[in-house]
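Read through the structures below before going on.
Below, chain A partners chain B and then partners chain C, in two separate complexes.
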Partner chain A sequence: MQPHREGFVDAALIPVGLVVVPLTGALLIAATSIGATRRAHALTVITSGINLAAALGALIACSDGGVIEYAYGGWRPPFGIAVRIDGIGALIAALIAGVALAVFIYSPQILRVELPRDEPSFFAMSLLLVAALQGMAVTADLFNLYVFLEIGSLAAYTLVAVGGGVATLASFRYLLIGTVGASFYLLGVAYLFALTGSLNGADIAQALMEVAPSAALVAAVVFLAIGLGLKMAIFPMHGWLPDAYTYAPSAASALIAGLMTKVSALALLRVLYGVIQPAHRSLLLPIGDVIVILGCAGIVVGSLMAVAQRDLKRLLAYSSIAHLGFIALGLGIGNRDAVTGAVFNMVAHGVAKATLFLIVGGMTYRLGSRSVKSLAGLGRSMPLSAAALVIAAFSMIGLPPTAGFTAKWYLIMGCLEADRPDLFAVVVASTLLSAWYFLRLFEAAFFSAEDHSADEPLRAGWELPVSMLAPIAAGAAALIALGLANQTVIVRLIESSALVAGLARGATP
Partner chain B sequence: MSDLFASRFEYWMTTALIVIGFYGIVAKRNLVKQLIGLNIMQTAIILLFISMSVQPGGTVPIIDASRSGAIYMSPLPHVLMLTAIVVMVATAGVAFALLIRIHRRFGTLEEDELLERSR
Partner chain C sequence: MNDSLLPLSAVAIPAVAAVAVLRAGRWPNLREACSVSAAVALVVVTTLMLAELRSSGPAHITIAELIPGVALRLRGDALGVLFAVLASVLWVVTSVYSIGYMRGLDEHAQTRFYASFAAALAATMGVAFAANLLTLYLFYEMLTLATYPLVAHKEIEPALIASRKYLAYTMAAGVALLAGMAVLYSVTGTLEFEAGGIPGLAEAPAATRYFVFTALIAGFGVKAALLPLHGWLPSAMVAPTPVSALLHAVAVVKSGVFGCIRTIGFVFGGAALAGLGVAEALAYLAGTTVLFGSVVALSQDDLKRRLAFSTVSHLSYIVLGAALLTTTATAGAVLHLVNHALLKITLFFCAGAIYVTTGRDRVSQLAGIGRRMPLTMGAFAIGTLGLAGVPPFNGFISKWYLCMGGLEADHTGLVLILVISGVLNIAYLFPIVYTAFFRASDDFTEFGEAHPAMLVPLLLTALASLLLGVWPDAGPGAWSLAQTIAGELP
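Here is the complex of A and B:
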């Protein structure tokens, strides 16, 4: 790669650091801090702080179409493994680092309740998860992506399983389905490797120019889409998600729900539009149509199921399925605005969902319950958390000035440009449904006749401890900031990246 | 047809193994049997990769100047699958740990009984 120096740190090393720093942190904790909770927590916060700084550096370096590439050991692709981030990759890397830091600052208090004495292992596993997710965000190599996908998944299975009891069962199901997904992905990679003899994304895209469309290529795309679809829980491959999110410890739920599925969505985006599309646009059309239909089904089913839930975590899990449907819809339509909306929704939904899970964790911590009913009087007993709940829910529904509004706006523009008013109708209908179930929460929190705010809370104090409240507030603030600065993010990071800039506007994807 | 079978023998074998493994995951009601199905499926994909590296009459990929024109096996799929095997072993390890936990907690690994007892 061209030496690409900025300041005294070689910017080309940023993507490597994004992976290596949390990985080192995880190993250090596992080696030195088992049984030493405070040291483990300090190490975790320090490493994820460095990670966030590196991600912000990547954001700056990758704005306005910048790209950072680095080939391990100087072996350039197709012989070696390369990492490569563009604006979208940097955006997702920043999402991962930001959400992770917030969750890690938040977690000591609640872990003391939910996982006494196991905190260091929890931190080590979470950092491993963060390292793997960053690896998926930065890698340019399809097989390398598989390895990071599996490292991250294994960390996620254990993080779900430490919930104990039913959580172990949920985790085993997640493991079965997740590994099947990864296997399908690997099968797709095998087909591409057989067709092109390469594993580097850009290199495969180049080689595919010479390859005629064939059954093998269709099989490759279908297997890759099924594999990543299982990991990102596109309907009807979402069966593992509600149980896994519900029974995991609160901090783990926030981390997994906020990040895991988004990074798989990023991988799907790169495979479809970075690897296959440049050479075989027409082949992608029917597959895109199927993804659109599944996305719509996920939106409708997820929203309807969310309305029926009484457990807040389960409600959030089903609303995740609906939002992953939105992302799939955008990726399936495949014109520039729809994909921009999908990418923006990865960030918006990642932040909003992590914030909501942190708030529900806070309720569990302070009130000892996370049912919709126990929200009654939340506006008085935990006013700041309730305010953050409103902001995050606004983003989930898609109301201005939050980030969710921008995401939905671009998605709707994409639907209309593609001449698909039927999809527009689905998006609007699901917005109404999500407004219904979130307004139900507001009603309980602020206007309920029942009022538990006078009840003695499980833990005294006016609100949550500051270390729990600050990450929640930061999440809510980030949602508004993203909503207000949406043009900066979209123009400088998303639309300037080659992946999206190469997509057509308008009806023909 | 028999020609097609003979010339693409390894693909038929891996396809059969993947289908068997997938059947085990979907149809079996015992968690250990589901895990065995999963392992069969992963192994099939590993075999598929390895079979792609074969060159008829090929030899070990160590360049030997004294033998010009030698045909070499492709080393890359082997290296990749070494990693994939590690992933598979790690997955199996985590899965067994989970199964032990589940058995301790619920006293069974039959899915139907687990559904009843986890309520």
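Here is the complex of A and C:
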């Protein structure tokens, strides 16, 4: 057990601020503020502000290989539930807290349109989701991860379902598939518990060193991978995602699309490279290969489906499937650069996709439509949103100097180091596919012959209200800042984490 | 040496101008003042960089490390400064010309036009001053996206189709560049340009060098309109003429050529290319393109398309010169980059002036036009003779050195191609001049010379071509710079 890092703040404050504070906030709103929208919103923003402060604290404390370890209630593992935050965990926690705060600042206006009178419930559920996601990002305990996974999923089902109409069906489908995924994951955890007698990740890893490769171990890993694969929508387990993203209320889409799948990807990373031992990996090699193939298939299928979409939210949903394919590909290749690229893409894609959903939400709010066609004249009617759209799209396509380029570059280097020209070709050529569907949007936004900008918009005025525009602008700015400062993030947070530092360079381990 | 703000301001001035133009959209005079004053300011900056280069070596600045060991970095070496001076000076002229052209035609969306134009110039400055392949790639992609609105400008179906075609070609080029760059980085661990080649590349396996060279040349070859990647350029002529003049004869296409020169001389160098045979292959491909462009130009009735195929041909003169790998040919290639820019911009300016004044855009409609617009057609004649390589016009000198370089490298076939193409140049351009002056007009519409805002720029560029023909080292000293550049490459 490594000691706490002293001297910054009491390390206990950070896990509490990350998980307990939003959980308390959610309960507080449910208990006191139903029907009091303003109070609920104020509580939500304050709560997620504290959450972000805790995440920033974690970033500082966990840079350059620092680790925060904490046991809830002072019960040390293997009996108690432990929190273990490394650089990667802190990075994802910051992503969650940042995106959540942006979405919460953004949401009051659009909620008034989409969910009149239900805003407090929305805030409560969203905070619950944030608490669960943070819990998943920082927990060291595999069963505890399952609990947070279920809490988060339940919150997400609700957030999708409140969209009404078709959303109910989409949510039910999400619930069915999500439950199957969670069950697979739980089965995998049960197998590992049977093999090692522990639920703590580090303990299991320790115990597995003594365990000979066996069918049970293979089953455990396969079940964990399927469960988390369903949750992160790896092709062909992505069926729930397009409908859920499309029919959820705009603010919920941004939150879920930006964050949910990334946290499952992080869990998959931890299982594959933190829990399973290198000695066993040769036995499990096909799993990495399978993930690689599914990742590639996801990139191609997701991108092609995105090209064919007319509804912007659906287009973004399919583009998510493609990008989760990138992440899966990086995790499957498993050398240091590929995994670094995958982790960086969790952040890059999380920010970019949340920003894009916020922009589409803004269009729905102001123009009353979110079809690709309704983009016509966006460059004139909503110039700043259109500019943010361009920046976020650059990041999604992977053009420098945005964050998306860095992620792609590391992934490409990972492919080359693993001596896989086939994967290299897929990743490089996929640029064209994503350029295809985003440039289609640009053409519609800036040059469409049928210009709707002269039509009476649903709401008058120039651009969106500041409270909606500022989070969008912050997202776009973050993408450029992350792209320019990527070496700081990668060297100090990702590569210095024991998990990534322990990975080999070069060919697949 | 300390970081210098000059290269950064060269990129920033047009970028800021683009934003200012958008903000000033409602007041056309203020908006055009933004363009022109930014262009003038840019010339000042590039001239200062030239002075800095001569006095204390290349000015440079490092902005942020984008991947381990490779930063977003700008550096004004001789080749970059030459290109930047050329583009910035011609931007001033084009800005004035654009005012006459766009107002003369009462074009729509002029704000977007001027803003994209300035953004394209910012990207071109970035291309010129990129100190490494990654920075070059970044600005090369930005250039694609900044010029896309200009091709799509008219928003009619042919313009949208041309713009999609342009994007398809250039995005595919970007992918090729990315692939070549990634493999290059994985072998050498650096992407920094080095006169004579990146150290360590010569020791890389031949297959790797072969892949990197092909990918990079394919990537840059699209904008340089190398056969068979040239298809977008004639289609892009649907753009307003100032775009064809500055971007599709100078900034954009020359960025492609510039990238080819960087690849040949500053990534590979003679040592890393030795024994691969790819440089020879490229020289012959360029030679084929030279002939192809000239032959196809013969049959084009649309004046701008005829000029576009001529551009296809002349861009390959430059690539050919660089691929020959001799000092003389390289100097000739760099000089031709400047000379062709001046000549072709003159010709496009003339085409635009004729179109605005008379509404004619076909070669077959130009009989007798020289009597009504003697100055315009006089400039056109200078452009024609210059491109054909007739002394004392500037095209002669660069072609002469290209031919000498070809003989030095013992490629008599390529020299023959250059000579034949010179004759074809006469064949596809001179009849226009001849019929304009010596055939009677077949209609009696009254019109006179073009508006001074168009006439003065085209006369200036024509005179500059003449001046550089008699005195190649005039102004910024293109000839001595070209020799410096060629001398740096072993």
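Assume the second predicted complex is superposed on the first by the 493 of 509 C-alpha atoms of A that agree within 3 Å, B and C clash if a C-alpha of one lies under 4 Å from a C-alpha of the other, contacts with A are read in each partner's own complex, and residues count from 1 in each chain.
Heads up, the rule we're going with is that a residue touches a chain if its C-beta (ideal position, glycine included) is under 8 Å from a C-beta of that chain, and two chains touch if they have at least 3 such contacts.
Quick caveat: nothing in here was measured; it's all calculated off a predicted structure.
Student: Given the touch rule stated above, what does A:A161 touch, chain B (first), chain C (second), both, or neither?
Tutor: Once the two structures are laid over each other on A, A:A161 reaches chain B alone.
Student: Counting only touches as set out at the top, which of chain B and chain C does A:A36 meet: first, second, both, neither?
Tutor: Neither partner.
Student: Contact-wise, after the overlay, does A:F446 reach chain B, chain C, both or neither (first, second, both, neither)?
Tutor: Touch partner of A:F446: chain C, not chain B.
Student: Counting only touches as set out at the top, which of chain B and chain C does A:V180 meet: first, second, both, neither?
Tutor: A:V180 sits against chain B, while chain C stays out of touch.
Student: Within their complex, state which residues of chain A touch chain C.
Tutor: Per the touch definition, chain A meets chain C at residues 379, 383, 399-401, 405-406, 409, 412-413, 416-417, 424-425, 428-429, 431-432, 435, 439, 442-443, 446-449, 483-487.
Student: Would you mind writing out the residues of chain C in touch with chain A in their complex?
Tutor: Residue list for chain C touching chain A: 22, 63-68, 72, 112, 134, 137-138, 141, 148-149, 152, 155-156, 160, 163-164, 167, 171-172, 174-175, 178-179, 182-183, 185-186.
Student: Over in the complex, which chain A residues touch chain B? Could you list them?
Tutor: For chain A paired with chain B, touching residues are 143, 146-147, 150, 154, 157-158, 161, 164-166, 168-169, 171-172, 175-176, 179-180, 182-183, 186-187, 190, 193-194, 199.
Student: For the complex, which residues does chain B have touching chain A?
Tutor: 18, 22, 25, 31, 34-35, 38, 41-42, 45, 48-49, 52, 77, 80, 83-84, 87, 90-91, 94-95, 98-99, 101-102, 105-106, 114, 118
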